[in-house]
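The letters A, B, C and D name the chains in turn, as written, and every chain counts its residues from 1.
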Amino acid sequence: MNLWQGLAPSQLIVLAVLVPFVGALLVAATGKKPNLREAVTLVTAVTLFTVVMGITDLTLQGTPISLHIIDIFPGLSIQFDVEPLGVLFALVASFLWIVTSVYAVGYMRGNNEGNQTRFFFCFAFSISSVMAICFSGNLLTLFVFYEVLTLATYPLVTHAGNDAAKQGGRTYLGILLSTSICFLLFAIVGTYSLTGTLEFKPGGVFDDTHNKAIMGLLLVLFSFGIGKAALMPFHRWLPAAMVAPTPVSALLHAVAVVKAGVFSILKVAVYVFGIDGLSELTATDFVLYMAAATMVIASIIALTKDNLKARLAYSTVAQLSYIVLGAMLATTAGAIGGAMHIATHAFGKITLFFVAGAIYTTAHKKLVSELDGIGKRMPLTMAAFTIGAISMIGLPPAAGFISKWYLLLGALDVGQWVAVIALVLSTLLNAAYFIPIIYAAYFKQEKAGHHDTHGEASLPILIPLLITAAMTLLVFFNPDLPLALAKQMLEVSP
Amino acid sequence: MAEFIDLVLLAMLAITALRIIFLKDLFAVVMLFGIYSFLSALIFVSLDAVDVAFTEASVGAGISTVLMLGTLALTGRTEKENQHSSLLPLVVVVVTGAALIYGTLDMPPFGAADNPIHEHVAPRYIEESPKEVGLPNMVTSVLASYRGFDTMGETVVVFSAAIGVLSLLGVRRRKENESAESGLMEHRVLHVIAKLVIPMIILFALYVQFHGDFGPGGGFQAGVIAAAAFILYSLVFGLPRAFAVVSPTVLRYLAAFGVLLYAGVGVVSMLKGGHFLDYNVLAANPISGQHYGIIIIELGVGITVFAVMLSIFYAFGSQAERSDIK
Amino acid sequence: MNHVLDYYNYWIVVFLMMSGFYIVISANNLVKKIVGLNIFQTSVFMLYISMGKVSGGTAPIVVEGVTQYSNPLPHVLILTAIVVGVATTAVGLSLIVRIKRAYGTVEENEFENKDDAI
Amino acid sequence: MLEQHLAVLPILLPLMAAPIVLILGRNALSWGLAILVSGLACFVAWQLLAATLSDGVIRYAVGGWAPPWGIEMRIDTANAFVLLAVTAISTFVLLYSKESIKKEMDESQHGLFYTAYLLCLAGLSGILITGDAFNLFVFLEISSLATYTLVSLARDRRCLTATFRYLVMGTIGATFILIGVGMLYMKTGTLNMLDLAERIHAYDSSRTINTGLAFIMVGVSIKLALFPLHAWLPAAYTHAPSAVTAFLASTATKVAVYVMIRFIFTVFGAEHVFEDMSMDWILMVLAIVAIFKCSYMATVQSNVKTVLAYSSVAQIGYMVLGISLVSATGLMASLIHIFNHALMKGALFMAVGAVFYRMGSVDIKAFRGLGRLMPWTMAAFTLAGLSIIGVPLTVGFVSKWYLVTAALEQNHWVVAGLVLAGSLLAVVYIGRVLEAAYFQQPDEGQADVKEVPLTMLIPMWLLVLANVYFGVDTSLTSEAAKHASDLLFQNSDAISALMDSLHGPTAQAVSETSGLTGEVLQ
């Protein structure tokens, strides 16, 4: 439903970007009174969601929405164009922001963290730039807000301010900035000087007149330049970013930021090179193999991690490569699978992070090896964890199954056996590093010696993770909306 | 014949330069430099550049040498052996020199009357300037009128030099009791001579100032000469007395005034509807306009140069007296 | 031989320039550097004046019955250049005086190692 | 009545104000007058830029003598554009300097400071505006002498040795230029740049002229601190008073770059310099080495002023690189970077000066915890730093964009990659300072450090905002730079085209062509 009937479509975009931004300012203004501040955050989040809903409506009705802001270079402008994929992403992000805000309140207070105003300010600001990325109408705009997002999240990563945080921040900024400046910007300027445009065109901007080798080079530059997609070997920033408070890891480094990365790759694949264009490039296969390798290697690393958040981080790295792989399959099924995975992985992974945070706040445990028997103390939490894990592995009745299904289809109908094997392999690996946790949680005895007295986490923490877990199931049983958007994305492209 | 003199002088120059390279006694080095610039002044004469020769003699051999000696008095007169190898400089110099020699190889031959520079711009100066500007001394007309803007820049350069020296050294006024030991009070002969010479020098300065339109000379040389007169005075009678005659503050104002006078002429010609420094509009008849303009700006140059040179000397002098070197 | 007659003047001037230049970059004593700078510049002045010369010409001051004048323009330029030269010299020397007072020496290598680099 | 004289005013105003300031002697008054004059000059520069954009080149014969016999001021978009940057920055820095110099030089010196400052401004404007090769040398010397004075005004004794080195290097450079100009004059008999251009092209190749070119290039390279002739710059910028550094870093070297552009494109003509002498390769290599070597040097310094000084040398590299690409776009990139870099470095050095004002040191240790103690200053530093790095929505990004585009346009893919890689080093050396400011605790007894006075903050922030504004709305800068570079190219092509059709510099041929070129330029 669209609560914003009154407004012209283009104004909705302005709102989508401005609402969180204004929210950020209000947060900064009300910093003195925590309750008011949190209230502002929540209201902002809800408002934003309604706005995005409105945009979704219009998009599903097929109303094109676009908005031109200003020419930065002659003929090159900051401009926004709404298209289905962006809507899907925006929808997920804005919905999860509401949930995360609730969670964050509980978490930040539960661990009485410092600088909470700065935290919520930067958080809202990051969301605002995420919205801008979702609706960006050309590569320049995308790049601009991609960088803004990097800088906006930096203070969140270094929130703790201790050496570990500083070190993490260095890696984070170092990798994200250098990849984006050296490769992404290079690729963008390259594209511009070849094609003379940075528009997102259905079917891509390149044509047969362009040198395939150079196009291949550009594709590789794009894939590695979009460091937020955490394609190996440029994935190190993501585990490093885990020093941040859990809500950040949950929303930004499981959903918003990393999805901004893969989203950009999908957009480049579909709207700059075009599915058909991709299929003609040998470089596509190269990137696909990189993605496959990332899936497997990252899963193996995850297996070795005892720190829960670290394990989740590496699992994220692996899962992101699903989407890259989906894009590089250069088939409709693959692209749909990729798009779907943006949504499905989001719900699953955020649940897992919420759980990790819940355990940390209540039981003060970070390590997998400490979780024996925790299922008895926190049954609901661990139930949610189980659902999330199933979704990661890709079994029914969790959302992850759907996207993985499409990916598999895509891989099969182009006969990409490497992709098929990688998918299967990583599924097994996922199982290998999630099942033990669940097993330990429910069937092992608590370590003798210390006796925890805690039960479930406080409601503001518990409720959000239950909601996301529920969503994970819901999307499996009723995936129409995301599917519709994903399909629409490809319909507009011939 | 002229070539022969030329050659001899150049040879002497070369010897002097070589000597300077190897000498360690800075006093001798500076003296040789004085000689060097005198010799080059002679060359300038033999090459028909009388004005330049005049200036070179008064500045290079005069002011510069004096200032260098003043510095030596404060910094000691022998150069220490320097360890670091002189190979790299040698290479640089050889390369640069080679480049220059290469460059000379298709220069227009020395002294040929049909060289491009005698064909293109200069002819107008030579043929027209006496009519357009009305001065027999073409150098002055080019200097003050055709390229008057350069000369204004030159005046400003001198002015900036003064600013630099003042900000670096400043001029310290001293109490009377200190003044006793400064100067050369005990040499009676010097006093008498100085008293005789100084008025003549100033008179000569004025002559050079105003005769510049007709013969060699002009504001710059005049200013230097006048400054020389006061320098002599303060050497003999000591800085405090000199300060009493022309105080550093007055000199500051004079220096500034000279520049303003010069630029002022330009502004007036703008107000009178001409371009900046267009003297034609200064009077009903262009020629006399040119005349007024040139006289005034030459005066401006003279005043500034005089003031600057003298205050620079003051600055060094008061330093010397500060670290009482006898 | 003809070449030599045409250019001997320039060649010697180049030699003079370079000896001045050499003093500037090789000398370790600041005063000597400044002397070198002056020699360098004075020699450049000679280059200019030499090109202004017209054999058989006279100084560019109108005299009855003289038709062949040397070129006044280089003279003007060099007049300006000389002034610029002395201005620089003055500033350079007063810098030396201050350096002597601050460091107690005017030998480049000596005051270099009195301060940490830069 | 003033309209017709606009061309000389930017020189005349500061030049006449300087002696007046010396006479006034009252610091407050001098300050007021200086700002007034510099502001007016800035306004005039703006008028000139508008005029050149709308109706082409402005020529002004000083003394009413037509060129080449007299000296002419010649303003096209290129120098009007740089002039605007220079005068604007100088006005901001003057605003800033009132407080800043209180801490850095004796009360008695302030009058001299303003005088020297105005002289320097006059000199720089002169260099930019004049159309006469020798007149350029004169103004070069005015600005240099004033600069030496300004640098030596600091209290730290090391400024003296730094200035001396600067003076020796600078004078050598100037003398080289003098030699070069002499050689050109010897072959052409003229000093007016346009006239020179036409007559130079009359020779298909002359050793004397090529040597002249070489000497001028070397001389200018010293002045603009092109690697490896940059040795004088870091020391001078480090030990000069903060206000002076802020002014010089954002104007002096830029003007020198302009001189190089002017000589290459207007006097010698691009294809002669680049195709016959293949100087583009020399310049390109030097520029790239400069970018990496000096950016690296910047990352290992502990004195933040030195860091920025080395960064300046590296940035010069970017400008020269733009020139060496031999394309209108490349030239445009250089021009736009001249303008943008002035904005960045001005803001950065002002921020550093503010730190010195409070902490009495600009060592990186002094920056610890300033993020809290001097929030506005450090915020300014951060934004300007991001601009140096080249983050989108700042001018730094704009410069980089054009430079990379230009490189790719010429199919220099490697160069483009290097340009981008070079900016990573900027991340390091700016990042070091920011980490100290935001993540480290201030030393004992500095808890009471306050923010600097408004007269310092306001100009600083005006520049920072300019960094953002011109990073988002590039219409002015791109248009001006594009117009300028096209003009320069057109002009050097036109002259060579005309000259190929001619043999020898016969008088009437030249007079024709000067007419023709005149039209081409209009």
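The working rule: a contact is a pair of C-beta atoms (placed from the backbone, for glycine too) under 8 Å apart; a residue touches a chain by one contact, two chains touch by 3 or more.
Note that the coordinates shown come from a computational prediction; the quantities given were computed from them, not determined experimentally.
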> Counting only C-alpha atoms to place each centre, which chain is farthest from chain D?
Replying inline: A
> Where the CA atoms of chain B average out and where those of chain D average out, how many Å apart are those spots?
Replying inline: 31
>> Measuring centre to centre with CA averages, how many angstrom lie between chain C and chain D?
In response: 28
> Using the average of all C-alpha atoms in each chain as its centre, how far is it in Å between chain A and chain B?
Replying inline: 76
>> As a quick test, compute the distance in whole Å between the mean CA positions of chain A and chain D.
In response: 45
> Do you know which chain B residues sit against two or more other chains?
Replying inline: 100, 104-105, 107-108, 115, 117-118, 121-122, 125, 147, 150, 153-154, 157, 160-161, 164, 168
> Could you say which residues in chain C touch two or more other chains, in rising order?
Replying inline: 17, 21, 25, 30, 51, 73-74, 77, 80, 84, 87-88, 91, 95-96, 98
> Which chain D residues sit where two or more other chains touch them?
Replying inline: 134, 138, 141, 145, 148-149, 152, 179, 185-186, 191
> What is the complete set of touching chain pairs?
Replying inline: A-D, B-C, B-D, C-D
> Which residues of chain D touch chain B in their complex?
Replying inline: 5, 8, 12, 15-16, 18-20, 22-23, 60-65, 68-71, 108-109, 112-113, 115-116, 119, 122, 126, 134-135, 138-139, 141-142, 145-146, 148-149, 152-153, 179, 183, 185-191, 199, 206-208, 210-212, 214-215, 505
> If you look only at chain B, which of its residues touch chain C in the complex?
Replying inline: 2, 6-7, 10-11, 13-14, 17-18, 20-21, 26, 29-30, 33, 36-37, 40, 43-44, 47-52, 55-56, 59-60, 63-64, 67-68, 70-72, 74-76, 79-80, 82-84, 86, 89-90, 92-94, 96-97, 100-101, 104-105, 107-113, 115, 117-118, 121-122, 125-126, 130, 136-139, 142-143, 147, 150-151, 153-154, 157-158, 160-161, 164-165, 168-169, 214-216, 220, 305, 312, 315-316, 319, 323
> Quick one: in the complex, what on chain C touches chain D?
Replying inline: 17, 21, 24-25, 30, 33, 37, 40-41, 44, 47-48, 51, 73-74, 77, 80-81, 84, 87-88, 91-92, 95-96, 98-99, 102-103, 111-112, 115, 118
> Once bound in the complex, which stretches of chain C touch chain B?
Replying inline: 3, 5-23, 25-32, 34-36, 38-39, 42-43, 45-46, 49-63, 68-80, 82-91, 93-98, 100-101, 106-110
> How about chain D: which of its residues touch chain A in the complex?
Replying inline: 386, 389-393, 398, 400-402, 404-405, 408-409, 413, 416-417, 420-421, 423-424, 427, 431, 435, 439, 472-475, 478
